[in-house]
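Structure, as C-alpha cells:
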Amino acid sequence: MGHVLDDDKPCHECGVVGVYLAEAAVGEPAEAARTAFYGLFALQHRGQESAGIAAVDENGEALVHKAMGLVSEVFSPAVIEGLPGRIAVGHVRYSTTGGSRLLNAQPLVFSYLRGMVALAHNGNLVNYLELRDRLATLGSVFQTSTDTEVIGNLLARYSQDRLEDALIKTMIDVKGGYALVLAARDTLVGVRDPLGIRPLCLGKLEGGYVLASESCALDTIGAEFLRDVAPGEIVVIDSRGVTSLCALQSRQRAHCVFEYIYFARPDSTLDGINVNRARRAMGAQLARETRLQADIVVPVPDSGTSAALGYAAESGIPFEEGLMKNRYVGRTFIQPTQKMRDLGVRLKLNPVAEVVAGRRIILVDDSIVRGTTSRQIVSMLRTAGAREVHLVVASPPTCHSCYYGIDTHLPELIAARLDVEGIRAFIGADSLHYLSVEGMFSALDRGGEGFCVACFDGRYPVPVEGVREGGCG
Amino acid sequence: MGHVLDDDKPCHECGVVGVYLAEAAVGEPAEAARTAFYGLFALQHRGQESAGIAAVDENGEALVHKAMGLVSEVFSPAVIEGLPGRIAVGHVRYSTTGGSRLLNAQPLVFSYLRGMVALAHNGNLVNYLELRDRLATLGSVFQTSTDTEVIGNLLARYSQDRLEDALIKTMIDVKGGYALVLAARDTLVGVRDPLGIRPLCLGKLEGGYVLASESCALDTIGAEFLRDVAPGEIVVIDSRGVTSLCALQSRQRAHCVFEYIYFARPDSTLDGINVNRARRAMGAQLARETRLQADIVVPVPDSGTSAALGYAAESGIPFEEGLMKNRYVGRTFIQPTQKMRDLGVRLKLNPVAEVVAGRRIILVDDSIVRGTTSRQIVSMLRTAGAREVHLVVASPPTCHSCYYGIDTHLPELIAARLDVEGIRAFIGADSLHYLSVEGMFSALDRGGEGFCVACFDGRYPVPVEGVREGGCG
Amino acid sequence: MGHVLDDDKPCHECGVVGVYLAEAAVGEPAEAARTAFYGLFALQHRGQESAGIAAVDENGEALVHKAMGLVSEVFSPAVIEGLPGRIAVGHVRYSTTGGSRLLNAQPLVFSYLRGMVALAHNGNLVNYLELRDRLATLGSVFQTSTDTEVIGNLLARYSQDRLEDALIKTMIDVKGGYALVLAARDTLVGVRDPLGIRPLCLGKLEGGYVLASESCALDTIGAEFLRDVAPGEIVVIDSRGVTSLCALQSRQRAHCVFEYIYFARPDSTLDGINVNRARRAMGAQLARETRLQADIVVPVPDSGTSAALGYAAESGIPFEEGLMKNRYVGRTFIQPTQKMRDLGVRLKLNPVAEVVAGRRIILVDDSIVRGTTSRQIVSMLRTAGAREVHLVVASPPTCHSCYYGIDTHLPELIAARLDVEGIRAFIGADSLHYLSVEGMFSALDRGGEGFCVACFDGRYPVPVEGVREGGCG
Amino acid sequence: MGHVLDDDKPCHECGVVGVYLAEAAVGEPAEAARTAFYGLFALQHRGQESAGIAAVDENGEALVHKAMGLVSEVFSPAVIEGLPGRIAVGHVRYSTTGGSRLLNAQPLVFSYLRGMVALAHNGNLVNYLELRDRLATLGSVFQTSTDTEVIGNLLARYSQDRLEDALIKTMIDVKGGYALVLAARDTLVGVRDPLGIRPLCLGKLEGGYVLASESCALDTIGAEFLRDVAPGEIVVIDSRGVTSLCALQSRQRAHCVFEYIYFARPDSTLDGINVNRARRAMGAQLARETRLQADIVVPVPDSGTSAALGYAAESGIPFEEGLMKNRYVGRTFIQPTQKMRDLGVRLKLNPVAEVVAGRRIILVDDSIVRGTTSRQIVSMLRTAGAREVHLVVASPPTCHSCYYGIDTHLPELIAARLDVEGIRAFIGADSLHYLSVEGMFSALDRGGEGFCVACFDGRYPVPVEGVREGGCG
C-alpha cells in the first residue's frame, strides 16, 4: 500500500490515550473503550497504519482489539461493546513495513505474575537491542519486534515488586524518548521519559481521568486539561485519585521540537506552548529573517499553512491559496503509468493557475526531508505560470537521524548531503531559506532551553551508541 | 454509516469522467480505465458513497466495476487491469439511502440493439417519473431507481436511429440538469443539459481526449483544458476527432451557482470562472456589505476558508485559524454516548482557545442548510472564550429545494422557516449576515445573467411540475 | 477460483425456491426470506457459485440480496432481517465465468408497469438469442446475459395483460427447459416448462405454501409435499389459495434423466421417483447386465455410492469404502506445484490401501464426462495395490450436449469422441461397462416413456436450431 | 458462529504438519509452506476454527500467517508465496470461544536466545496452570492462553542448552497428551508425548521429510509413510537426515481410542491400525454382541457409516442410506425461528421416507455425547414411518472427561448422568446398545493393551490433579 500523501515527511510516530472512569461514572459497560475511541480519533494524525484499544474489566481481564487501518475502519459499535471495563488504553501507529505488521500493532496485552496488563507506547528506546538480548539470556521469548514487548518483559522481571516499584526499575533500565500508558486491574498508569522528549498530558473527565499524547484529544472527548505529565513522572490513577511518582527527576528538558514544527495538531498545547501559535511565530520570524520581495505568500497545505499565515501577517505580503489539496487522497494501490509518472504530486496538490500565474511567490513549507516533493511543487508552480518561486522553510535544515521516535533517517535527508545552495538547485527554487535555530527558539519563546533539536544540530540529549555529534552537511 | 463530517451541507452530487485514447496512444490494455481512475480521484469531493468505472474494449464489450466506498477503496491494480479498452467512463456518487444502494451505483452498462453502452450521469431529471411511466407503458423494465436507466431506455427506444440522432431525441425528452458521458464501441460521447446547469468540460490528452465534471480532473491527469462543453451540446469523440452537435441550442444559461459556493474544488474553473477566485470575491463583497468591527476573521474549515481570506483581505481584519479540523474524520459507525452527545462537532472541529479567547470573531461559512452545525460551532467558540461571534455567510439564504441534482430539501432548510433574526437566535450568534443576491452576482462578475439561483429565489429555469415560484420565509 | 472438487462432472445447474405466507402466519417480518434461506440450504448442491433471496413487502416493494458464495456465506441474520415481506423467492447458481458474474446472480428484481417483481429461474432457453434480438429491436435494454432477464422483458411486453395472461404469452414465446418462481405483490407464482424437463414441486407450510426445485427443500423447512407442478402448468398462490393454470398442456413428458443420475439429492422424490431408489436400482441393473467376478464393490464417493450399494446387494459382492473423500475440499485458489500435479485428485480422494490392496475391484461411478478424474482414480487404486479395477458406470455413455440447463458440452465429452474400448484404454481400467439405455429405463420403472435422454441418444424433445440428432461416437 | 453440524460430537482437536526440504529439493521459494498447506487440507477434519502456517527461511527468519476459518479460506497463493523457506509447520484448530480467539491460533512464532522458532501443537497439558504459574514467578509474560506458549517459554528457560537438550528438559516438565512440531533455522523437530496419546507420524518426501498428525496427510502430498513417531520420542530432521532421541522411554502405551472411533480420517493408519478397518470391525463386533432382528441397517452419516457397513456385513441385514446428509451444511449465523426449531437437525440430515417407512431399523452411530442429536434423529425416522428404531453405538458409553486434548466435558455427557435404559428413554429408541469395552479391544485387535480409554473407564494414564478414577453413572 503506497501512501501518495506525505511521502516526503517524517512518518514514524504514534499516539496514545488512557481512560480511567470511577465506578459511579460508568454509564455503559464499554464507556472507557468508547471514550478511548474518540480520543484516538483526535490523535489519528499521529499514526494511520494501525489502531487498537484494550480495556480491563472488573475481574482484571483485559481484552484488546487492534487491526491495520484508520480508527474509523478498525472499530465498529459491536467491537467497542466487546471491550467492557472502566479502564482502557488506545494506540494509533504509523510505522514498520513487512508481512508481520499486525503482530506489532498495539496495545500489547499480556498476563504476568500480578495479572493482566495492557500497554501502549509512543517513542523509541535507544537501548532496545541491548535490553532484548539481556532478557533473552534470562529466558524471555519475544513474539513481536516492538519496544513495548521489551517494556512488558522488564515489568515482569520485577513482578516481585509492587507495580509502581517495577515501573521505576523499568524506567531505570530503558533509555530514549517514550510516553507510556498502562491499564491494569483498578489502575491506569502514565509514564513519560526523564527528558520529556515525547509528550503526554493529563485531563479530568466527569468521574474520571484521561491521559493522551496531545491536548486536542482531551478537547474532543470533553475532558478538562489538568497539566502535562512531568518528564520522568509516573502518574498512577486509581480509586484514590491521581498519585504522582517523580521517578527519575531531572532539571533537564528535551521536548521534541518537531512536535511543534510538524507532528502535533495545531489546536494542541504541549508543555505550555500552543502549536498553532508556535507555527505562526515561526512563520513570522522567518519573514523577519528573509525580507523577500514577492507578490503572494502561498503555503504547502496543510502543514505549511500556519507558518505561511504568520509569514504573510508579518511581511504584509498577501496570503493566497495557490495550491489546492485533494482532501480524499489517502492510501491507494494504484501506481501512475509511465506517462503520468511526473504527475505523482498532482494527485495530492494542484496549483491554481489564476492565483499563481505571473506572480512572484513565497512558498512556505514546515520542513524538508528528501526534497523530492518540494521539487515537484516548484516545477508545478512554474508550469502554472509563477514568475518566481522562493521556498521558505519554517524550520532549520534537518540533517541528523532521530532515535527517539521520529522516522528521519540520515540516508534520506537531503540536508545531510547538500548545502543550502545545493538543495535550492535540486529543488529548482529561485531562492531557498531555512529558519535559523536561534529564530526557531525565539519563536518558541523559550530562549533555546528545554528542547531536543538533535535532528538539526546532532546534539543527542540521550546518548546513542555509535553515533557521534556533528553539524549539517 | 453516519457521516460525521458535513452533515449540515447539501450532499447529493455526482462526478463523471470519460476517457478516449487513440489506438496509437494506448500504452497498456487498461490505460483508459487507469486514466479515468485518476480523474475520479480528483472528483472524489463530488461523491463519496460509491465509485465505478466501465471500459469498452475493441470488440465493443463493456466491463464495469463499481462498489460502495471511496475511489481508493473500490479500485485495486487487479481491478483496473480487468477493465481493458481504449474508452472508459467513471462515476462517483453521493446519494440515496436504503438497502439496494449498490444497485444504483454507476456507470450503468447495458446492451441494446446497437451493442453495449456504458453511461455515467450527474444531475437530476425533473420529469423522471413521467418518462419512466411512459417507458413502462411501452414494456420497459427497470432494475434501478436512477435517471441513468431511464436515459438508457430512451436511447434504446430510438435504436433504429444513429446514436447521435438517438441522443438528440433523448435530450428532447428529458428535462432537468444533467451532464452525461457515454462509452460505446469506438466512441465517447459527452452531453450537457440545454441550460448548462451541471458542469462538463473537455480536455486534450496526449493521443486522446477527456471529459470531466470539473477542470481539476484534467489537471490531475495531465490533460490540457480545451473548453467547457456548451449547454445543449453533444460532443462525439471518435477516430475522426471531436465532433460537436449543438443539439438543443438556447441563448439562456443557468449554471448552478452552488458549484461556485460549495461543490466544486477551488482549483477548478467552470464556465470561465475560477472557483477559488469566486469564493474570495464573495468573501470580499461580504466584507463590503457588512463592515463589522472585530478582532479576527475565522473560517469554518475547509468550505469557508477562501471566503474568509477574501473577507480578511478586504476588511483588513486579521485572518486566524481559530477552528482546527480533524483531517481524518470520515465515515464512522460509532455514535457518541449521551454524555458526549453535545461534543458531536468536536470530532470534526476544535476551537483553538489561544486564538479565540477574549476576541471578537467574524466567523465565515459558505452557506447554511439546517443551522445545527453553525449553532454548535458558535457555542464551542463561546466556551473557548470568544467575546463576540458574528456569523457571516458567503451566499444568500438557501430557502428553496433544488430539483437539478443537489440535495437541498425544503423541510430541512432553516431559511425556509425562519427570517434572518430567527436564524441568528437559533444559532446563537451576536449577529448574522448573508451575502446579498446582487453581491453574489457582482462577485461572480456577470451581472446576474446566466446562473441558476433557484435555491435562493425560487425561480426555476426548468419548470418543475407542482412547484410555484416564490421568495424566502 | 478453481473447484478442486467435481471438475469432471457436469456443473451448470441452479435451484429455486419460493415461499408464500398468509398474513396470519407471519411470526416475524422476514419470515418468508428466512424460510427461503433454509430451502436454499437444502438445494445448495444445485449451485455453489452465487446465492440470492428477494422478498416482497406489503407495499409491493421488492428487496433483494445476492452475492457470490455459498448460502451460508451470503446470508447473515442482519441480511435476512433486511428482507421483510410475506413472499420470497430464492436462487442458487452454479455457472458462468468472467468478470461480471455477480451481475448474473439471481433473483432478478425489476419494476414494470404493474409494479415490482422478483424472478428466479432454473433451466435454459434454446431460443434465448432469438428472443433477445426480438426484444432489442423493440427497444429493450439488457444489463445481464441471463435467460431470466429475457423472461422479465417478455412479461413487461405483455404488461397490458393480467399477470397470468402475460405469463401464458411468455410461455408461448420461450422454448427450452425451465422452472420459474416469481414473487409479486400478494402473489407467488411457479411455472414449469411444457415437457417438465426441469423439476419443480409444491408444498404446504403451516399458513402458507412453498415451491422448490426438489422435495428435499420441503422436508428441510418442515413443509408437506403436495405434488409436483405439472409440465406446462402455472401455479398462482395468493390469498385465495392455490390456482392452477394448465397453460401449455401436453401429453408428452421429458423429465431430465440426469436429475436422477447425478444432480438431485438422493432424499428427493421428483415426479414420483425417489432418487435414492432410482440410483440403487440403476446399480442393481448394472450388476445384472455385467455379471463381473470381483472381490469388492467400491464407490466413487459420494455420487457413486447409491449405485454401488445397489450393485453390491444385487451381485452379492461386498461393498467396501476403498476411496475416502476429504469432506472439506471445496474452492481453493492454491494450485499444486509441478511436483504434486499428478496428486490433484488426492486432495479430494484417497484410496484406503488396507481395503484395496490385492483385491479385484468393481469401481462404481454415476457417469463419465471427460474421463480424466476416472483415469486418476484408477491409477491411484492400482498404486495402492488393487489387482484389477473394473469401472462400471450407472448410466449410458454421455455423448451429446445438453441445451436445457445442464452444462455438458460436446467438445469435452469423451464418449462423443471414443468408443467404449477407447474410453477404457484412456482410463486404464481392466474393463469398462456402461448401463444400457433400456436398463436405465427399467430401473426408473417407467418403460422408457417420459424422460429426456438427449444427452445419451441425441433425440432432443425441444428442437434446437442447428443441431441434428444422432448416436454416439 | 454456530456450527449446525456435529454439535453433538466432541469438538476440541487440532492437527499439525511439519515439512523439511533439502536445499536441492526446493523448486520454488515457498514450496515448504505450499506442501504444508496441502497437508493441512487433508487434516481439516481435525479442526475448522483457525488455520496457520509458519515457514523459516535461510536466515532463520520465521514468518507466519494464521486466521480464523478453513484452510482454503485462510490461504491464497499470495499468502503462501509470502512464506518462503525450506522448513514449515502448519496447524488447524477447533477450539475455544471468546473475543481473543485469533490470538490463540497457531503456529506460535517467537524469538529467544537461539533465534526464531515456530511451534504447532495438538493436545493438552494437564499441568498447564502449574507450569504457567511457575514461569510467571520467574518473570515470564503470556500473550495467549495456549499450552503452546507455555512450551515455548519452557524452551526459552533452557536456552543455555542445545535445542535437543532443552526439548528433553521441557518434556520432563510437561504432563499430558501432545504432538508437537517445531521449525527452527535448518531444523524440523517432532515430539510425541511419552504414552503416545496424541498421534504423530513421519513420512519421506522426494528430497525431504514430513511430520503429520495422520497418515492421510502424507498420502495427500505424495509422501511415503515411514513410521509413527514413537511415544516419548524426539525426531530431529536436519541436513544430516533424521535423528531420533528417545527422550522419555516408556513401555506403556496409551493411544487415544477416540481417534479410531471418531476423530481420525478412515483412510489414516495410526500406530499400525487402519481407522476404516477398526471401525468396520467395531461395527461387526457390535453385530455379534447385539444380534438384533431388523429389516435394514442405517448409518448416521458420515461418522457411523463404516461401523454400519461392518454391522450389516456381519449380521446379513441389508445396509441402506436412510438418512441423507446435506454436504454443504457448515457454519451459519442464521438460527431457525421458533416454528422451525425442531427442524434443527433437518438442515443436516433428512430421512429418506421410501427407505425407512414401515421398516425395523438398526441405526448405527459411532458415539453419543449429549444425546440430543440422536433423539432428534430417532424422532425424524419415526415421523418418516420407521416401525422400530434400534440405536447401536460403536463404542462404550462416554462417561468421563478427557484431559488430553479432546473436548468431552463431564457435565454434558449423558452417559455420566443416566444408565443405558435412561439414555434409551431420553433418546426414544426402541432399544439402545453400546459396544462393550472388551468388544472394542477385540475389534482393535490388541487385547486391550496400549490404549487410553479414560473417557470410558475413568482410568487416567497421566494423573490429573483432583480427578478420581471411577465407573459410569
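Per-chain residue numbering starts at 1, and chain names A, B, C and D are given in the order in which the chains are listed.
Here is the rule we use: a residue touches a chain if its C-beta (ideal position, glycine included) is under 8 Å from a C-beta of that chain, and two chains touch if they have at least 3 such contacts.
What you see is a predicted model; the values in this text were computed from it and never measured.
Peer 1: With chain centres taken as the means of their Cα atoms, state the distance from chain A to chain D in Å.
Peer 2: So the centre of chain A lies 49 Å away from the centre of chain D.
Peer 1: Chain C to chain D: how many Å between their CA centres?
Peer 2: 35
Peer 1: Suppose each chain is reduced to the average of its Cα coordinates; what separation in Å results between chain A and chain C?
Peer 2: Between these chains, centre-to-centre, one finds 60 Å.
Peer 1: Could you draw the chains as nodes, link the ones that touch, and say if you get a line, ring, star, complete or other?
Peer 2: Topology of touching chains reads as a ring, each chain with two neighbours.
Peer 1: Taking the top-of-page definition of touch, could you list the pairs of chains it picks out?
Peer 2: Applying the touch criterion to every chain pair yields A-B, A-D, B-C, C-D.
Peer 1: For the complex, give me every residue of chain C touching chain B.
Peer 2: Interface residues on the chain C side: 63-65, 82, 99-100, 108-113, 136-143, 152-153, 155-159.
Peer 1: Applying the document's contact rule, which stretches of chain C touch chain D when the two form their complex?
Peer 2: These residues of chain C touch chain D: 27-28, 31, 34-35, 37-38, 41-42, 44-45, 48, 70-72, 75-77, 80, 206, 216, 219-222, 265-267, 269, 274, 276-277, 302, 305-306, 309, 313, 318-321, 324, 326-340, 343, 346-347, 350-352, 354-355.
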